[in-house]
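Order as written gives the chain letters A, B, C, D, E and F; numbering starts at 1 within each chain.
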């Protein structure tokens, strides 16, 4: 079993990312969409948290490229290890995991 | 000059209370309404933060009684120093201060 | 993907409640879906984490905000065989709450001579994460 | 409560922007009000704090999300004599951003031979708090 | 004292319009003047005449209409928000070739200038949102 | 694979319905099946036929209608949410003595049971909200 967790709000505005990361299991995936991508910028408070989670929790972290572009976040400013996907990749992640959990 | 700051979300869900408290001046008032009242419960993480703000920032902190009651928070469980007001009291606070700033 | 029972598919449904009642409509609507879902004979669990724990706090009184107090409806869940309400201990602790602050929700266990038993189970964060892994469908509000 | 000027009341309006663009509509609507407000000849300031700083970040490209990129409209503010855009340094720092990541918004100063000057002022949190104290009307989105 | 009110959210989903209503009612009962309630963004849904909530739920639109009538409060729905969100009065319906008017009694559709005007003419502007 | 979709927010205010639309489109273009899109809470506003957004803005309701037609997707608006929020089809309009139908092409009003059914019949349920 594995879960795709979606987070659509910035870690600066809401507790959704923190709460999500506290409830993942190794093998799970976390996808940042909408304002959620703001958390993935390197050299930031939330980015450091994500980097730590990548090292400690055994989860994979993804960010939706279309939402990054809209918020002016280039791929080379992402936290190391965060992977960029498009909507087709989002669909694949939903299919590859056994359930999708939205952290609204 | 003084400002009435309104905060309508819990400090556990959003950063609005933190951001608000970082932008007050001595003599300002902060009014917790809606889910914002959850932050005012004594013996909690947010409650401790509010207690510290009461001691350090020179602001007055209020909570709307009707919203406390809806969320099962009795007056005797409030952080010491937080004052309870009704809607008429909310109106008075808005009138007594020079401007009202909503932390949405 | 779930077992077959009584001619239909039975899946594990988790209702994820992370917000308090009244400030937004999600708590009320989550409860509405749970009640409707009872007719579909699925395997239903409710999770209360973050501010969601406030949904089942004792002593809610909504007269002053003009809304209906729907918290008594949680008492009816047991009659619909919905008796797995998981509340996260860390979420209670952060908010200065204990199990005693929650409504004493119960159900009658038909496998144990209809003994009255508590519907609320306090679990820690790791157990809550395990519970999530065990679901077919997770509904977030 | 504001001065009288050209037969009408002039008040100090602060537009408080705390949310990023596109995730919610508030950023766009705040900008719409600011543009309309220009016709009323009020004393207008814009504050960008928290995720609001992302509203004026460089290089926004919305093709992939199907929405209109309205960030170029910020360039027009100078032509409407709206040139007091206060950005909080602490909010930039937390997010790993610097002034160089922001759009280079400018206006032409009519009192200085139409010299081009920056509209963005980076201020610290204490200065932002002082700015708020100085307002008649604070519009939050 | 003159209060202006800004409501940024629709009814039922968020508590914002309930809070705004109770604030306005309290202000009026204390003898203050409420110059205008401006409904912006999803706030315009507060003015729909098509709403038929359960009888044991609050009737938000009706409450606004009655308050406006009793105290002569100006309830304004932002026109641009209405266009995106499917709220129209007779004028708008005709302009867009739609057959109906779903704006409730006591509400009117107008422009954002009315919000600025409210800020200028009120002693305090109080905002309710999410 | 069969996807079911839950949309909890209305159009324009939050990105939720945009994200849901782009996800559904991508899933369909990859050859997956989308059994149903269930619009709950403010999500029901996605189905208003009265919306007339600016021409340079996205036409969210129309996009849903067209996608539903092209791929035969079932777009369901929650009836209880519709009643509170002023969305009605001919049947509801008649029942409540209102004169109009503001449900756009391709959408239909039905009960919450359809959401549970979607959860049961889909391989994955994906939720978009605020």
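Here, a contact is a pair of C-beta atoms (placed from the backbone, for glycine too) under 8 Å apart; a residue touches a chain by one contact, two chains touch by 3 or more.
Keep in mind that this is a model prediction, so the values were computed, not measured.
Identify the chains in contact with chain A as well as chain D, in label order.
B, F
Shared touching chains for chain D and chain E?
Output, common partners of chain D and chain E: B, F.
Please find the path from chain C to chain D through touching chains that uses the fewest steps, and give that number.
2
Where the centres are mean C-alpha positions, what is the separation of chain A from chain B, in Å?
Centre separation, chain A to chain B: 33 Å.
Counting in whole Å, what is the centre-to-centre distance of chain C and chain E, each centre being its mean C-alpha position?
35
How many angstrom lie between the centres of chain B and chain C, each centre taken as the mean Cα position?
Their C-alpha centroids are separated by 29 Å.
Could you work out how far the Cα centre of chain B sits from that of chain F, in whole Å?
That pair's centroid distance is 38 Å.
When you check chain A against every other chain, which residues touch at least two of them?
Chain A, residues with two or more chain partners: 8, 12-13, 15, 34-35, 66, 86, 99-100, 102, 104.
Would you pick out the residues of chain C that each touch at least 2 other chains?
Expected reply: 22-26, 50, 65, 67, 136-138, 140-141.
Would you give the residues of chain E that are in contact with at least 2 other chains, written as numbers and ranges?
Counting only residues that touch two or more other chains, chain E contributes 8, 12-13, 15, 19, 22, 41, 57, 80, 123, 125, 127, 129-130.
What's the contact topology between the chains, one of line, ring, star, complete, other?
Its topology fits none of the listed shapes; call it other.
Once the touch criterion is applied, which pairs of chains come out as touching?
Pairs of chains that touch one another: A-B, A-C, A-D, A-F, B-C, B-D, B-E, C-E, C-F, D-E, D-F, E-F.
What part of chain E is in contact with chain D in the complex they form?
6, 8, 40-41, 80-81, 111-113, 115-117, 119-121, 123, 125, 127, 129
Please name which positions on chain C make contact with chain B in the complex.
19-24, 50-51, 54, 57-65, 67, 69, 94-97, 101
Okay, in this complex, where on chain C does chain E touch?
22-25, 65-68
Report the residues of chain A in contact with chain D in the complex, numbered from low to high.
Its residues touching chain D are 8-10, 12-13, 34-35, 38, 41-47, 65-67, 69-72, 74, 77, 86.
Which of the residues in chain C end up touching chain A in this complex?
16, 18, 26, 49-50, 90, 125, 128-130, 132-138, 140-141
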